[in-house]
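Each of the next two complexes has chain A plus one other chain: chain B in the first, chain C in the second.
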Partner chain A sequence: MADKLKLYGKEFHSRLLVGTALYPSPAIMRESVAASGSEIITLSLRRQSPAQQQGKIIWDYIQESGCQLLPNTAGCKTPKEVIALAEMSREIFGTDWLKLEVIGDDYNLQPDPFGLIEAARELVQRGFKVLPYCTDDLVVCRKLLDVGCEVLMPWGSPIGTGRGLMNKYNLQTLRERLPDTPLIIDAGIGAPSQACEAMEMGFDAVLLNTAIAKAQNPVLMAESFRLAVQSGRAARNAGLMLKRQTASPSTPTLDMPFWQQTISAENGEKV
Partner chain B sequence: MQLLVNGETKNFDSAQTLSEVLQKLGYSGETFAVAVNGDFVPRATYEQTSLNAGDSLDIVAPVVGG
Partner chain C sequence: MGRLLAWRLSEKGHQVTLFESGSLEKPAGACHTAAGMISPLSELFHCPLPVYQLGMQSLQHWPSWVSQLEQTTGTNVDYREKGSILIAHPQDRNELLQFQQELNAKLGPENRDQLQWLDNNSLRNLEPELDRFDQGLYLSSEADIDNRKLLPALLKAIKQNKIEICENTPVDCTPEIIQTKNGSEHFDLVIDTRGLGAKNQISRLRGVRGEVMVVETPEVQLNRPVRLLHPRYQLYAVPRANNQTVIGATEIESEDMSPISLRSTMELSSALYSIHPAFAEARVIETRVNCRPATMDNLPVVESEPGLIRINGLFRHGYLLGPALVVQTETEISRLTQATQQVT
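Let's turn to the complex of A and B:
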């Protein structure tokens, strides 16, 4: 049975989205993205002089990747900055998809919920398909849906920390209260086991960058994440057992040999 | 005319359109985008966009991102 990720009317086989930053080299970045199986990659825009060549390197890769591009607004702190950068992204990358970031705190790069909602409202009105990087606050998430976002990307933990799913209660609440909204865990994932756990919890996809790019072997780590996300999704679809407090034997107890002697011994009787 | 280009002060001989300034700075192709004083300027309007002394230009290009 097809189990595709559906975002803004497009379907994807992969449920792993990856960033393109922090790799040891452009070649390792390309190889890692391929190993991840990702069909959606994040990018950005920065000031550049004509003499700088990084723009050309990433542009050449974009042309050949075949991936859905997801430009971000990383570093923006106000809706005005976001709108300008979003429009520049749309012109250059030729897509109205946008990973919306409005940073509210430099220390933990926490999204500014007020700026996020204001910017999302304006961007949706301008025709952007907005994927907001947000906190795990249910009310903020609802407001983002109200202004027209169709996908939400709550953080697992702050960007680049590798701390995994920091507040599972909030995340579980989001999943339960927004059952029909595509939810992508974005940021803070440090290990494939954490990505797997997010998928087991029912999240639709995972977006990460640092955990792959900063691994000793990024290509192998990308493959590890691909497998972990697939495994977690399959487990979610299969249906996890319920946790319980007391042990329960998995081997049948009926017709267990020696049981009379064991009970007698436990009662202090001579056998 | 003095302009602030990506945070650096640059001088130009006379009043210029955005299109002329970009050409003098060496920008070509379609892998860059421009904002003037923080507002996006669509590529199709570069020739009609007049610049004033003190204007601030942000010229950006694709980079890797997370």
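Let's turn to the complex of A and C:
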């Protein structure tokens, strides 16, 4: 049975989404994207004078990856800025997919929940397929669904911190209370093990940038994340065992003669 | 790159003609905007190994070239071999550790002495003004040069060597031919160092916007380039004569040449202020914007065919890579000359 990620009616094999910033060079960025197996990549326009298309060379280079582009609104602080940038992105890249970011705090880059909902409502009305970067607050997430978002991207921890899944209780609550909504952990993932953990918890995908782009070997790290996400998803599908209080032997000891137990112990076998 | 190469080749006895699309007295290229750092170790953090290796080669050439240039032109270009310092605020200590870890991995055990951890006292000994910081890294082999002095000195040397200069002359370069609006001229060899001017000839050449400020205050005296490591805002501060400091630089994937943005101004100046509060009263003397010519792998391009050498993609490493690429070009000229002689 194909285990595909379905977002806004489109299916993807990969459950890893990656960013395109901070790499040592555009060439390493594209090699890393390929190694990650990602089919969806984000890119930022805010500082590149999009109205004058001054970043066209690098945008074309990114587009040649063949991935679904997910332009983001990084750096925007108000719905007004977001809407203007979103319209420009749609015109430049010919896609109505949008990673919505409305930053509410400069220090930890925490999303502004109020601005986020306001912007999401307007963008959905304008025909955008909105993937909002949000906190792990259940109520905010519900409001985003109410205004028409079909996918949510709660943070694991603040952008670029590499702290992994900071509030597992909230994240678990989101997963349980919104079982039919595609949930993508976005931001804060610093290690493949954290991405794997997110997938084991049942999240549909993971989005990250810094951990790959800033690695000593970004291409190798991208591959590592690809494997981790695949592994976490497979583990989730396979069904993880629940933790127990009491130890349980993996080799049955019932009816084993006492001298066999001694031999097993000498051979280092667990009993 | 062009005028450095012209000077070196004329010193080697070649007859050189130098074409410049604008004015050599008032250069518009990234060479004029840059801060003149020659910092192979600092760059190794972001760049592939060849940039470091070429930079180390350049460091070997700069002292004798500067000495010769200063002697022949009677001009001081403020070449400084005092190393550079990296600092981070206490909450960003991991940035220093990450830098150290990554550089050590790239340099290998035999070169790790190029990186020196500074504690409170050793940092103050080198830079007394950095008394807000308790730790840092010292890259003792790095250097810097005042490009605002170097460029006129090179021009003076070029004129002394009787190089023919054609200013305000945009050109197209093909093997042995320079094409201007007035027609074509034939040369034994054309060397194309036009940066973004050669965009149509170099595959995937792009401009990367950089914004720089120059501030002036007598209250903060730094002795060498200082880099502030921060998760979001990277800053260098390069002290210059007359109490001036060059601070930079943004790196934006855009070919926009419009004036510096308010956001960049705020980021650069607040990062500078966080180094020393007395910078608050510094006067902003100048803001500069330019686009660095870069390839997709951010490595320089040296392409050669009979009658034409193209040098481009120096990105933010003009002064770091310049001498090494000049020497490479000299070698390539010898090779091309020998090949031509064998054919004839």
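By our rule, the second predicted complex is superposed on the first by the 245 of 271 C-alpha atoms of A that agree within 3 Å, B and C clash if a C-alpha of one lies under 4 Å from a C-alpha of the other, contacts with A are read in each partner's own complex, and residues count from 1 in each chain.
Note that in this section a residue touches a chain if its C-beta (ideal position, glycine included) is under 8 Å from a C-beta of that chain, and two chains touch if they have at least 3 such contacts.
Everything numeric here is computed off the predicted structure, so don't read it as measured data.
K.L.:
Can A:S25 be said to touch chain B (first), chain C (second), both, or neither?
P.N.:
second
K.L.:
Which of the two partners, first being chain B and second being chain C, lies in contact with A:I58: first, second, both, or neither?
P.N.:
both
K.L.:
Compare chain B and chain C by how many residues of chain A each one touches, and report the one with more.
P.N.:
B
K.L.:
Determine, under the contact definition given at the top, whether A:N72 touches first (chain B), second (chain C), both, or neither.
P.N.:
A:N72: touches chain B, not chain C.
K.L.:
Quick one: is A:E81 in contact with chain B, with chain C, with both, or with neither? Answer first, second, both or neither.
P.N.:
In the superposition, A:E81 contacts chain B only.
K.L.:
Figure out whether A:L171 sits in contact with chain B (first) or chain C (second), or with both, or with neither.
P.N.:
neither
K.L.:
Touching A:Q216, do we find chain B (first), chain C (second), both, or neither?
P.N.:
Touch status of A:Q216: second partner only.
K.L.:
Which partner does A:V130 contact after superposing on A: first (chain B), second (chain C), both, neither?
P.N.:
neither
K.L.:
Using the superposition described at the top, list the residues of chain A that contact chain B and also contact chain C.
P.N.:
47-49, 52, 54-55, 58
K.L.:
Per the contact definition, I'd like the list of chain B residues that touch chain A in the complex.
P.N.:
Chain B reaches chain A through residues 6-7, 25-28, 30-35, 38-40, 42-43, 58-66.
K.L.:
Along chain A, where are the residues that touch chain C in the complex?
P.N.:
Against chain C, the touching part of chain A is residues 24-28, 30, 47-49, 52, 54-55, 57-58, 61, 160, 216.
K.L.:
Which part of chain C faces chain A closely enough to touch in the complex?
P.N.:
46-48, 102, 105-106, 204, 206-207, 209, 231-232, 252-256, 258, 261, 263, 296-299
K.L.:
Of all residues in chain A, which touch chain B in the complex?
P.N.:
On the chain A side, the touching residues are 19-23, 29, 42-52, 54-56, 58-59, 62, 71-72, 74, 80-81, 83-85, 87-89, 91-93, 159, 209-210.
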